[in-house]
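Have a look at the structure that comes next, please.
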Amino acid sequence: MKYGYYPGCSLEKNARAYHVSTMAVAKPLGIEFVEVDDWNCCGATEMIAIEKIPAYALVSRNLALAAKQNGSTNLVAPCSACYLNLKKVDHYLAENKQLKEKVDQALEAGGLSYQPGTINVQHLLETIAVDIGYEAIKEKVVKPLYNLRVAPYYGCLVPRPANMERFDDPEHPTSLDKIIKNLGATVIDFPLKAQCCGGHMTQISENTALELIRRLLKNAADYEADMIATLCPMCQLNLDAYQDAVNAHFGTNYKIPVVYFTQLMGLAFGIPANELGFGKEIVSAQPALDKITEEAPKPVRTRERGKQHTELPMPTQAEEE
Amino acid sequence: MTHTLTSRPSTLLDQVIADTPGKAMNLKACLQCGTCAGSCPSGPDMDYSPRAIFAMLEAGMDEQVLKSNTPWFCVSCYHCMVRCPQEIPITDIMYTLKRRAIAAGYYREPSQENAAEFSETFCDFVENSGRSFELGIAMRYHLRHHPLGAVKMATGMGMKMLSRGRMDITPTRIKNIDQLKSILKKAKELGGEE
Amino acid sequence: MSDIKESPAGQERVGVYVCHCGSNIAGTINVDEVSKWIESNPNVVVSRHYEFMCSSTGQELIEKDIKEKGLTRVVVASCSPHMHEKTFREATQRGGLNPFLFEMANIREHDSWATNNKEAATTKAKALVNAAVERVVHHVPLEKIPVDINPNTMIVGGGIAGITAALELAEAGHHVYLVEREGTIGGHMAQIDKTFPTLDCSACILTPKMVDVGQNDNITLLTYSEVESVDGYIGNFNITVRKKARCVDEELCTSCGICEEKCPQKVLDDNYGAGISYRKAIYRAFPQAVPGYPVLDKENCTYFQTGKCKVCEKVCPTSAIDYEQEDQLINFNVGNIILATGYDLFDARRIPQYGYGRLANVFTSLQFERMVNASGPTGGHIVLRDGVTEPESIAIVHCVGSRDQNYNEYCSKVCCMYSLKFAHLVHEHLPEAEVYNYYIDMRTPGKGYEEFYHRLLKEGTHFIRGKVAEITDADRKPGEEGKLIVQAENTLLGIQQRNAVDMVILSSGIQARHDAEEVSKLFKMGCDYDGFFNERHPKLAPVSTMTDGIFIAGACQGPKDIPDTVAQGGAAASQVAKLISQGTVMMEPVRASIREDECSGCRICNNLCPYNAIEFDEEKKVSHVVTALCQGCGTCVAACPSGVIDGAHFTNTQVLAELKGILWDVEADVPAMEEV
Amino acid sequence: MSDQFEPVIVGFLCNWCSYRAADLAGTARIKYAPNLRVIRVMCSGRVDPQFVLQALRSGADGVLIAGCHPGECHYVNGNIKALRRFTLLRKTLEQWGIEQERVQLLWASASEGTVLAAAVDRMTEQIKALGPLRWSQKVLGGNGAVHPVAEEV
């Protein structure tokens, strides 16, 4: 299948591992990515805080370029912030006439135009979980990640907001859980899977950010996760690069590697680690990867904590299979 | 602090509704239930909770609202927005309040200076190169505000990032930067707000 | 066009009466002008305007003119026919004319109250009055249709609403069929421990009534049964009920309970037991069940699933177990129906951030009711999911699924009060435990309700004003480990609070039965967007529905507490009793009739009729209307390709004449189309 | 009325929901365009397409058919039948060049006085914009001869 591809600034450098591993797993999954030519930054969460119309125009240029470039009407963004900005702008342009008129004029100044709805913006997780599907993933697994305990971490901008059609639950998403399960790894029921990583607070109010990061690391550690799997460069950066800062600030000693879920997929597909950008993480993933065993573990019950031997029956959970 | 209700309370309330896409109208139907503030990861750092901000808007305390650090501490996690029982687009409203604060010139309030300036620094790079540039942004921003932070950057974590090839030394620039500039120029003429 | 004799225009003597309604009409409409203007209509012999036409003097005007001026038709231009049509029809009748030779023009609600533009209002008034005059000359004398009321009544739903209604009617000497889906009557009230604010034991006040129902000869109790079909209309509904096979011979069973005791198959009881207790495959929901004989649940019965077991059969002393028993279809007629089908509890799993289903010690309100009940799974002890540990702190979360656009927008009305009751019960059972009630607004309207709230304040319950944002087991700081952390803003302090507790109770709201919509279709009545049944009038007819002869009571109409539910049960019963004692009701003669000689027999109308009131005569190859079944909607009239169906009082001639009259001031630029 | 064009709209309102909605609008003193003139029918299902055509031929500039919301019909589903007929009728009218806005179908429950009032205002504005209907030019091409399609309805 052919998809438009919007890497976004982070994947150029800071999140190179994400880009590399995405490309690596795309082949076996039969995905062809066509990068949007000369795309620009999506403005992250900053532009919209300064000026509205420029912020919308900035994103619209990318949509316009993607639409012009006849590859596919599906545009995939691996970065959560880019994904939300692209999707949101497309959504609100369609909804809000005055807004569209102004953005149209701005684009025109650059000899571009865009009709909302032309491009279907997808996050990479959606592409893989929904379009490709868990079965297809399972089929490609040659080196199951047995005995690796993974905390699936979604962050905020993929599951939320819910005011535009979403492919997963905004509070308790499960698509990443299912992908990792199918890779043979042990998925922990990570309570903070959709909580905030601190976003740009690392720059503005470090203490605020460090506390948010600490919560995630602590919770993952409490659940004895060997590593955290992310789908967002910002989340990866904050949890990985600031782990030392957290340890220094709170006198803790977390050493939890934070990798991209595509890197784990690559491993399971039998692609060598060095072709998947491993080693770029600041907290090394190696110790965790060494835990992977040949044979499957005995079925372990997830959610040990809080679930004592229950005299009273537990209610069944709808999405539990 | 006593506050006298004027006959026609908030002008800001209506502006915010007008400037925010989506169901911003629901802001008038706020139940004051506090779900937003209860959900907010950075809530404890805000001088007023989001709920309180909405009550203040209703009461016409426009200046206090624009001077508060609340919107600038929003991490845009959208939890409040999906949980709000009245479906108020709270996160988007926070963005609008930031823009309003800048427009109203409360920009230099110590409570918001950092965040506003960071956003600004970020945007400068984007407008001039078409791409963001972590190192540059962080450096320039920190040098301007807390040199200590800059030092921390340059040493500790910054080095690690560089050594792992995760940071550029020089910004990348898109090919057709002129096109982007003229688009943004026109957009600015059209005004930040409707 | 019609075979109904209609007087040709120009030869009727119409009296027109324009009402001032004080200044309500005269303030906007120039009544004098209207009244004078209409005189020019060839059919009008008298035209007056008067201050209050509905006053006795006003009505006498009409009667006098009919007698003295020999009026043959009457038109009153005043308020909505829904207001005073009856009044003026009676006046017309007293004057000596058939009441249906009257027509009303609504110049108040539809005109003077709807605009400030006097000129426009007056022009519109002329149009409406003229239309009435043009229409009324085509009216024909009609007689209301008397319908006999079958004195038997069906009540659907054996909760407290249905029980109350059934006993009221039965004790008044009328026969009642009480149909209940479950194996026993009792409904939600049977699950509840204590009732607010009096705290009397729910079972103690309910079970005697259940027994009365079981013993009353006037009540035919059909449990484990569901209504299959409903035909007919007020006075004479034909009902078919499916009595599901419970595999127990009701004649032989002595309700000794040995089968239940010996049955090896444990089943999670997520109905009566609210999902925190087990029952057997052959079971009675609870010991005081009425009727007392058990139900065998085939899905979970070892014998039905594997072909082996038959323990119950072996142990039954009267060999009442009958595996071959089949569903019975029971058919009977009733004059009236009361729906008391109750409510479902909101499913807290729909709010993942509250953790119900994932976090062991998050319970729903009904689960707590069962737990705190002496006959419940823990014998009335409040314990954590492990079944042993007593909680030291409990959070009670109000408004779960209520007052929320994401779930149910409405307030469920009872949650505040039962949450207060829970707090009290905790204080009573675990004096040492801390209780935190999280509320948005404390809603305690009702006799003794606010006082109960004050009592709880004194008992030391902590009240926190704030809707709970999330409940998690992800601890952040010491003291939170192994606890449930309830996170919310204390809106009165404006600060975010995290509260580590042992147990959380979710006060789930009330919502319409999952199958309410199918039920409303089965009974040909409406339900609102939330699935609650529509009452005829929100204030003046709260237990009637738009369908004559069908009444509603209790939570199926909207969230209600027990007192209100009981009151509605009684109200519905008295509505029915009234009709029974009347013996007959007079129905509007608005009915369809087919001119069989002109009917082409195309049968288009046959399937169109929602009441199957149109039959096809295979002999004559024509269709004809069963007047008794016809409700007069006129759909068939509009659909008949050969236009040979007449809707009495809404004939094509009458409507088209009204149309001609209403357009008096605009000139048609083509000749009127020949009527089809 | 002022010399500007004031359309005349005939309303066929069902007795149980929409007529009561109009009553409620009045009782609540909601002010709306005085251009609607109401004819009561027991059910929107009673509205024979010929009523609509006759109204338009007789000089009405628009026709509003209003009934109970789907699922709330007093006669189970008369409103659905009205909907089916309406769809067909509208197609026919379009073939004759009669604008969609002139014939509208509305669901208004007995509690929706505001909904009905708003609909009347909206429709009045739309038709003002369209101007008078002038059936003879539009449908009969001015020559007075009855348009072939007309008879089939």
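By written order: A, B, C and D. Residues from 1 in each chain.
Keep in mind that, in the parts below, a residue touches a chain if its C-beta (ideal position, glycine included) is under 8 Å from a C-beta of that chain, and two chains touch if they have at least 3 such contacts.
Bear in mind that the values here come from a model prediction, so they are computed numbers and not experimental data.
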Original post:
How many hops, at fewest, get you from chain B to chain D via touching chains?
Top reply: 2
Original post:
What pair of chains has the most C-beta pairs in contact?
Top reply: A-B
Original post:
Using CA atom averages as chain centres, what separation in Å is found between chain A and chain B?
Top reply: 23
Subject >> Distance between chain centroids, defined by C-alpha means - chain C, chain D (Å) >> reply: 31
Subject >> Intercentroid distance (Cα basis), chain D paired with chain A, Å >> reply: 53
**OP:** Express in whole angstrom the distance between the two chain centres, defined as the mean CA positions of chain A and chain C.
**Re:** 49
Original post:
If you look at chain A, which of its residues touch at least two other chains?
Top reply: 171
**OP:** Would you mind listing the residues of chain C that make contact with two or more other chains?
**Re:** 353
Subject >> Chain-chain contacts as defined at top >> reply: A-B, A-C, B-C, C-D
Subject >> Parts of chain C lying in touch with chain D, wherever the complex brings them together >> reply: 80-82, 106, 108-111, 113-117, 119-121, 123-124, 127-128, 131, 517, 520-521, 524, 526-528, 534, 538, 546-547, 590, 608, 610-611, 631-635, 637-639, 647, 650, 652, 655-656, 658-660, 662-663, 665-670, 672-673, 675-676
Original post:
Considering the complex alone, what residue numbers of chain C touch chain B?
Top reply: 353, 399, 403-406, 440, 465-470, 487-491, 494-496
Subject >> Residues on chain C engaged by chain A in the complex (per definition of touch) >> reply: 268, 270, 275-278, 349, 351-353, 356-361, 371, 377-378, 383-388, 472-476, 482, 484
Subject >> Of chain A, residues touching chain B in the complex >> reply: 9, 12-16, 38-41, 43-54, 56-58, 61, 92, 95-96, 98-99, 102-103, 105-112, 156-157, 160-163, 170-171, 195-196, 198-201, 203-206, 208, 212, 241-242, 244-245, 279-282
Original post:
Can you list the residues on chain A that touch chain C in the complex?
Top reply: 169, 171-172, 189, 191-192, 215, 218-219, 222, 303, 305-318
